[in-house]
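The structures considered in this document are given below.
Each of the two complexes below includes chain A, the first together with chain B, the second together with chain C.
Then we have the complex of A and B:
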């Protein structure tokens, strides 16, 4: 093992390799409820070449490699289940290109959401990227790799993985590949019209290679922003409400949430519609069209738009949203996990009812909600459970709740998102066997030594 | 349960039907207005029950002080008419309900009631107000806002306890017998709504402007006249105590501010639009705001002065965009004292 350590030091320098107990401890866990693992090394590469050499070294020695971005996935996807190297990508944080005319950027894999957001605001204020509701240290690459979504997912093309215009990846066998237009010309504008190989690295939980660069779509940034909050008390009405609002194509971001606290929100369902515009006149028109889309509900007094004070709007319009981070700390003790499920819009009432039942049965605090992805093609529905890590009984209750939520999501026709190993197995058990076989063949082909994040997307333990 | 002290015979004999004829938000012919009135008296469904924007103005317009607005609210509630969507109404009832978190505190005269606007505590400061005791919160909240929600019942249910809380936890132990009401809504509750519903008020309510006026008089030598022109946004609840509107002029005179002459002031004041938004009347709310701000601007004012925090929240941004500095009356007075 000393040889491997020495070789890692030669590749990245002594300052960027660690096997110190406290660091192995920290890199062995995340904020969620999954049991910790224990890496053998933590390594922070600075270049694609260093990543390539590390992966080759790992392959030669049969050492697992777990790529890690912000480490905020919450479901243990960066917990090294079988030891090995945690490959912390945060040093690869350069923003390499912003193409103002073709609206894309190219970043290194460790570039954080916050860094790109600040960079664009300062240097290219007419452009923005879709920001997930994660802390700003979440990385661009980590988020696209897990099919993340964000504040432009409804209006600008779906999951963040769908906004990827190109990838640079290091294969488990050490080859460096460019995928998309950048494979053929020195431009990162599109994955089409070539065979779409980027899909081999998106949604695979780091089991097929290491993403080192990402091309991402950028979108116009508008000067005026407003938010409308539509309040209902009939969960069965929510899918139609969302469908009507989405169909106006006037909302930039559309999210839905329910929460038992504060008490004046308990039992109600809130749908937030973010609207952006270039001029006050355009804003008024967009607001009017959104409101008119749900006029029958207003006429029947069954639902309505809640007048919002300015300070509340400021909070609601922030990207990323702070409210979920604040909710994450509600139990204190540093524990938070949520089950995200990608599901059709019509599954929202069932998911809501299932969530209420699960929270009640397990005696846990909850928050539930959804973000519309694409033009209402799907939602990312979440059950969020904060917990006190020092309270083992509470930890266990949340584990049960998460498992039940995963099962409920599948039963409702949804698919658990970025789910932990147990959830992955639940999915694989219901997946078309031919699809499972194809996944296994592709993985075996790409990673013949089985070094990439082992334990994930595996049928058998 | 307390009943509205309203005399149907007075309404039936009314020749002018000013309550509806003067209303800025409905256009009824004299004949239609009489028909509306008659149906209101009989407790039947009628257009005004859904047309009403709940601006309170008919309470001021009625020459007989026969509480036409309170009657409209009674009828709306009896007939299950909801001016505001039901979920918003329910949520507001929960949000504004007493939390039972009252902390008894020693008070001394003067005691200023900040209603349920804890964010306004900063206004009670300086030479003008710094010596005042402040009470605020859900457990002393007048609840009059539920007039906008067709819920006299909520006010009936909560107000007696609020009054008991004020007395038991503050005024009685402090040996205080008067309460300065910062918000017109509270003053209107204690001087208009409570008597109309037969609820006893065991303290003397003092309008904030009355109090300010006296304080400014005492500090006259320290005032530096501001030399400004200001438009005043008269809030809906001032319709319950129209006699207090004159104090705005008295205060302005003392601090060297000219209340600009404009179309939408005094009896013709416009609603800030906040409640209209809750009622989902978005175009009306917007047009009200635009007309109101344009009128302030055209009057030559450089400031838009508010006493109602809700009006301030609703209109301040638009006023500022139009080049009018939005300011609360209390802050304007502090400015004149250099505090």
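Then we have the complex of A and C:
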């Protein structure tokens, strides 16, 4: 193992390789409830060439490689289940290009959401990217790799993986590949019209290669922002409410949440509609059309728009939302589990009822909600369970709640998102066997030495 | 648009880039250490002592209730390592110098008045203010220049003040930030007793570091006097200075102990705005989000953070140069030295000059 360490030092320099107990401890876990692992090395590459040499070295020696961005996935996807090298990609943080006319950017894989957001605001204020409600140290590449979504997912085309215009990846066998238009011309504008190979690296939890560069769509940034909060008292009404609002095409971000605290929210469902506009006149028109879309509910006095004080609007309009981070620590003790499922809009009432039951049966605090992805094509429904890590019983309750939430999502016609190994097996057990076989064949082809994040997306342990 | 996350602005993370050197990483490791999951050793000491106590994590952490305590927790953990004798050599040498010489420069107290030679400043004898210059103002070459400028500026602004001269002793702020709470208290009690005996009612400090500990902690440790930073005192009298017009473009660097620790962002800017024609430029990271120069936590004296292009001070002067400013103005003697060195290391000397605000204002007279 000394040889591998020495070789890693030759590749990235001694300052950026660690096998100290402190780093092996920290990079062996995340904030969720999955059991920790233990890497053998933590390595911080700065270039694609360094990644290529590390992967080659790992392949020659049969050492697992676990790529990591912000490490915020909460479901253990960057926990090295079989040891090996954790590749912390955040030194690769250059913003390489912003194309103002074709509305895309090219960033290195370790570029964070916050860094890109700040960069665009400062240098290209007419453009923005879709920001997930994760802490700003979440990386662009990590988020697209897990099919993340964000504040433009409803209005601008879906999951962040669908906003990818190109990728540069290092294959498990050491080749560097460019996917999308950048494979053929020196522009990163589109994945079409070529065979769409980017999908081989999106949603695979780092089991098929290491993403080193990402081309990402950008969108116009409007000067005026406002938010409307529509409150209903009947969960079964929510899918239609969302559908009506989405169909106006006037909202930028559309989210839904329920929470037992503060008490005045208990028993109600809140649908937030973010509206952006270029002029006050346009804003008024957009607001009016959104209001009009739910007029029947207002006429029947079954629901209403909540008056929002200015400070609440500021919080609601922030991207990313800080409220979930604050909620994450409500139990104190450093534990937070966030279970997401991608499901059709009509599954919201079932997911809500299942969530209430799961929280009650397991005695855990909860927050639930959903973000509309695409023009109502799907929602990312989440259950959030904060817990005290020092309380083993509470930790166990959250593990049970997590498993139950994954099962409920599948039963309701949804699919657990960025799920931990147990959830992945749950999905694979229900997946078309031909699809499972195709996944296995692709993996075997791309990663003949089985070094990439082993333990993930595997039928058998 | 603020960079709103601790890790972007944490000087030690910028330098080392492992998650262990972030605020969150430190918290996980302290917990693991307390629970016996890891053992304290050289690496943990490096991770903890490279926290420069800039409080950026406190400013940007999303977790209410814990964020306010982050730096206190890191300082307490340093203290525990000091107790256990697990201190990096440079920190050990710094603390030893403070213990034996009473200052990190290992100079005799008799030399503490040399900064004021030729200025004809009165010793404190009941004036409205005592002007306290601290270790850097007494012994550091750039700090001495700044102390002299501030003294002249105070005089020109009509402030009635005296100095302690060779009777000054260290304030203890950075000793505490390096984990030696006991020594910090001893230094503080010595100085407090001296000022109380002299009947001092108001102190004006050269350094934001001294300002911080005197304002926050001295009252509980027996200090019976008010304290202000010199920029606050002069800002109230800026009209008396009547600075001359200039076309200079100036960027201002917020010192952590004046800004994030004590919430004062406006006084230094008011001084710059009072200069007719001067253009005040803001770096993208300013006020609460300002990037620290890396000089806190004892690093100014120990260099435990190390060098290279990722050093916070070097990142900071590159940011300042990008604004197009010809001058990077500072209000702290530690920032002055850190950033002046960084300008040279970056080869920016021909484009950017680092100046303390007092010297800059005097040049406008």
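Following the convention adopted for this analysis, the second predicted complex is superposed on the first by the 461 of 461 C-alpha atoms of A that agree within 3 Å, B and C clash if a C-alpha of one lies under 4 Å from a C-alpha of the other, contacts with A are read in each partner's own complex, and residues count from 1 in each chain.
Going forward, a residue touches a chain if its C-beta (ideal position, glycine included) is under 8 Å from a C-beta of that chain, and two chains touch if they have at least 3 such contacts.
Just so it is clear, the model here is predicted, and its values are computed rather than measured.
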Touched partner set for A:307, first chain B, second chain C, both or neither: first
Given the superposition on chain A, which partner contacts more residues in chain A: chain B or chain C? C
Kindly classify A:235 by the partners it touches after superposition: chain B alone (first), chain C alone (second), both, or neither? neither
In the overlay, answer first, second, both or neither for which of chain B and chain C A:284 touches. first
Return first, second, both or neither, reflecting whether A:105 touches chain B, chain C, both chains, or no partner chain. neither
Could you say whether A:268 touches chain B, chain C, both of them, or neither, answering first, second, both or neither? first
Quick one: in the complex, what on chain A touches chain B? 231-233, 262-266, 268, 284, 287-288, 291, 297-298, 301-307, 309-310
Which chain C residues qualify as touching chain A in the complex? 1-5, 7-8, 16-20, 25, 27-29, 31-32, 37-39, 41, 43-44, 47, 62-66, 284
Which residues, counting only chain B, touch chain A once they are in their complex? 82, 84-88, 90-92, 94-95, 274, 277-278, 280, 282-283, 286, 313-314, 316-317
Touching chain C in the complex: which residues of chain A? 15-16, 18, 20-23, 25-27, 42, 44, 71, 88, 90-91, 112, 114-115, 117-118, 121-122, 135-137, 322, 325-326, 328-329, 332, 334
